[in-house]
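In the two complexes that follow, chain A is the common piece, with chain B as its partner first and chain C second.
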Partner chain A sequence: MRIPYYPGCTLSTKAKGFDQAARQSFAALGIELAELKTWNCCGATFPLSRDNLLDLVGPVRNLVSAAAEGDKLAVACSTCFNVLKRSNLVMRNEEDKREKVNFFIEADYAGSVQVLHLLEILRDEVGWDNLAKAVKKNLADLSVAPYYGCMFLRPPKEMGFDDHENPQILENFIRALGAQVADYPHRAECCGNYIAAFDLETTKEMSYLILASARKAGADLIVTGCPLCQFNLDRWQQDLAMKHGGFRPIPVLYDTQLLGIALGLDATTFDLDKHYVDPRPILAEKGLI
Partner chain B sequence: MRIQLSAAKVHNDFIRKVEEMSGQDLLKCYQCGECSAGCPAAFAMDLLPNQVIRLLQLGEHEAVLKSKTIWLCAACQQCYTRCPKGVDLSRIMEAVRDLLMLEQGDRIVIEKLPAETLAEFPQQAFISGFRKYTA
Partner chain C sequence: MAEDRAPITRVLIIGAGIAGIQAALDIANSGYEVVLVEKEPSIGGRMLQLSETFPTLDCAQCILTPRTVEAGHHERIRLMTFSEVIAITGEIGHFTATVQRKPASVNWDVCTGCGLCQEKCPTKVASPFDRAMGKRKAIYTLSPQAVPNKPVIDREACTWFTRGKCRLCEKVCPVHAIDYEQQATTTQVEVGAVIIATGYTLYGLENLGEYGYGKIPDVVDGLAFERLLSASGPTAGKVRRPSDGKEPKQVVFIQCAGSRAPETAMPYCSKICCMYTAKHAMLYKHRVHDGTAYVFYIDVRAAGKRYEEFYHRATEEDRVIYVRGKVARVFRDGDQVVVWGSDTLSGASVEVAADMVVLAPAMVPHPETQRLAEMLGIPANEYGFLLPLDDNILPVETTRPGVFLAGAVTSPKDIPETVAQASAAAAKVLSLFAQWSGVPQAMETPVGAEAS
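Showing the complex of A and B:
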């Protein structure tokens, strides 16, 4: 199976390991993630002002590219997923905006593409049972905290991705890989998003609540599907350990990295060495790398 | 705080524009406080999310424009998701930010961001941030 694939800006630069692990894991599962021939940054935020049509141009251009290559678009990054999916709904449901955006970019697009997150493809195309059968490593001794953040789930009416207060897709993914799920209350709390680049002290504390909550639940590591969540959670843990006595840093992996490792792929191209809290010791201790 | 109310003030031009840009009816909010209870950034805010709406309902937008709350909202949409009246507060925050920046200029000067921040943060942080902090 071949599905057109949108990597996005951060997966092509700072989060190459996320992208590599996605492509290799899906290839191992018989799905080719075929990068769009032309794409641009999605804009990383969905415009919330009703008169802001210009910020729809970036995501819609990607959707137009995708429509030329198939009826589905696979997305790994949960922020890109949010922006592309919501922009697609605007093109599908809001005639006035559709006409204006199409006129501006000289296209004729009405929201035909189905924007899919990689986890949805695992659930619906591969299936959790088949995924479990493809797993080569034994993760039974690994406790994994799922971190959704905001973009996967909200607003639920538009994302329609999972139950927004009690999501299960990451939990089912972790269980299919054979690992244990660490259940903790902060899995869908915002990490601070882009505010981190402008008001770091506030977002460090937001991240700390999430990290400490996952640790308290006994997690060995956290998995997420967003490069900015990954960075915000990963980057400041040394500082947080200095400030909050007793806090032990916890590695933050991408969902696709854990997938690749579970499938027994060579993890040397997953950029595990680029993480701030090195995940390799715990992975080695559990016999996974 | 003593507040003097008048029809002209409550329905002032700024409030009208906020409602227009956000597509939200400010008077839908009955101040249950669910937004402030669930907001992960509320601990750092000088005005709580529900106070932002209350002040706008009363035409007291000057207090909102001065607060740092509008710059701490990362549009995570927790408030909107939990609001029993379906008020999308993150759209209101965005309208207030945009109107303020259209009048007073951008919130940040991109050239002044520290080199180490630019080198280290993921691209996504800047693209989102520039869209939220510049008009």
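Showing the complex of A and C:
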């Protein structure tokens, strides 16, 4: 199976490991993630002002590229997924905006592409049972805390592929890989997002609540599908450990990195060494790398 | 109308909760026959599950059971319990209803209601009547005050039906009433009018993931808390939480669980929750003197006679802590249930480490009501509540002549309103029956003539 794939900017720069692990893991599962021939930044935030159509131009150009290559578009990054999926719905459902954007970019696009998150593809195309059968490593001794962040699930009516108040897709993913799910209440609380840019302390403390809660639930590591969440959660743990006595830093992996490891792929291209909290010791301890 | 097709002055009432019972008694006591159909093995409906009623704190069973008993023994009321109406044809004056009775596996004509079978039955299952907090036997009545006080066998639980072993109830029954071979039976009932009083059920709280209902044992719904408060409930009226049977010292009550939530659940107000939550918190404080009760609310709607005073009594006399705001998340932390919410009056985030959480779910119509409405051609709104002919001035009539509505089947209602509406539906039926029986066409003595 071949699915057009949008990597996005972060996965081409700071989160290359996320991207590499995604492509290799899906290839191992028989799905070619075929990078779009042309793509640009998704816009990074979905435009909320009703009359600012210019912000739709970026994401819609990507969707137009995708439509030329297939009827689906696979996305790994939560934020890109959020922006592309919602922009697609605008093009599908709002005639006035569709006409103006199409006129501006000289296209004729009406939201035909299905924007899919990689986890959705694993759930709906591969299936958890088939994924479980493809797992090569034994993760039974690994406790994994799922971290959803905000962009992946909200706004629920538009994202609409899981219960935003009680999501299960990451849990089912972790279970399919054979690992233990660490159940903790902060799995869908905000990490601090862009607040980091102007109030770092607030972001740090917001992230700390999530990290400490995952640790308390016995997690060995956290998985997420959002590069910004990954950064916020990962980056400041040394500071937090100094400030909050007794806090033990916890590695934060991308979901595809754990997927690739579980599938028995060579993790050397997954950039595990680029994480601020090194995940390799715990992965080695569990016999996974 | 031909003489041989004289309209039938008998009414079919579907649903034997407080609405159905009230209408049945009103009509039967006026001299007409009533067929009262109930899908549960005995009558009484939701009200029988309640502990006390607001705003008087009357014992619900004490005010209801005289009526269930009267309905059970009334010479003009034919009770058809454990039964459902599966078809209705005809029209005003001449409806034919097909009533299917589920197999009770007990011959009720012979059974004396001695209760020995229930005492000896070795199989215990979670009791839906007690909201799964207590156990009942595989052969059971809904409550000790059941009317009729005759048991039925739960064939999904009974080991004779599931594993071909036991038959203990058959051995102990002194009158040989147990009949494992009993089949469903259908009866045709001829009536002239129909009252639908199928009541309500609770919104599926599993849909509201933020509250953890179904996942956290100490998060219960309002009806479950009624059972905990009820002297006939699983804890004999002592407040004990389901997980470990401890007395909860911090209880959080959350109103509008699924009500007033146009984005996620039901947009309407369920009307009764403000009052019963005040009652719950109050009764909790009466039983656990050193306990703390918190109520998260959007508004307190206490529009009813002595309702506002009741709410004030909860806050002032019983020191219930009211927090105006919604709850964002409920989760388990050790043996506590932590509640995150907001206090929108102070603008602060609130965290309560509670022992137990009680949700006030939205009232929704029974799913089976939809089938009944389709059979009778009565329109329902988008949530499944049946539509009266006119919300303002024809509240119990329907688009179908001869078919009337009573109680929560049209919208959320409390007990006083339900009873008033049931009597209204009964009056409408009686006015038809009076016409059909031949009321005097002209006044024989003009009103006031005697006085002049």
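Rule of thumb we're sticking to: the second predicted complex is superposed on the first by the 289 of 289 C-alpha atoms of A that agree within 3 Å, B and C clash if a C-alpha of one lies under 4 Å from a C-alpha of the other, contacts with A are read in each partner's own complex, and residues count from 1 in each chain.
We adopt the following convention: contacts are C-beta pairs under 8 Å (C-beta built on N, C-alpha and C of every residue); 3 or more make two chains touch, one makes a residue touch a chain.
Quantities reported herein were computed from a predicted structural model and do not represent experimental measurements.
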{"item": "Residue contacts with chain A in the superposition, chain B compared against chain C", "value": "B"}
{"item": "Interface residues of chain A shared between complexes with chain B and chain C", "value": "156, 164"}
{"item": "Sites on chain C touched by chain A in the complex", "value": "207-210, 212, 215, 263-264, 329, 331, 333, 338"}
{"item": "Chain B partner contacts - residues on chain A that touch it in the complex", "value": "8-10, 13-15, 41, 43-45, 47-52, 55, 77, 79, 149-150, 153-156, 164, 189-190, 192-199, 202, 205-206, 209, 227-228, 231, 235"}
{"item": "Chain C-facing residues of chain A, complex", "value": "156-157, 163-167, 185"}
{"item": "Footprint of chain A on chain B - complex, ascending", "value": "20-23, 40-41, 43-44, 71-72, 74-78, 80-81, 88, 90-91, 94-95, 98, 108, 113, 117, 120-129, 131-133"}
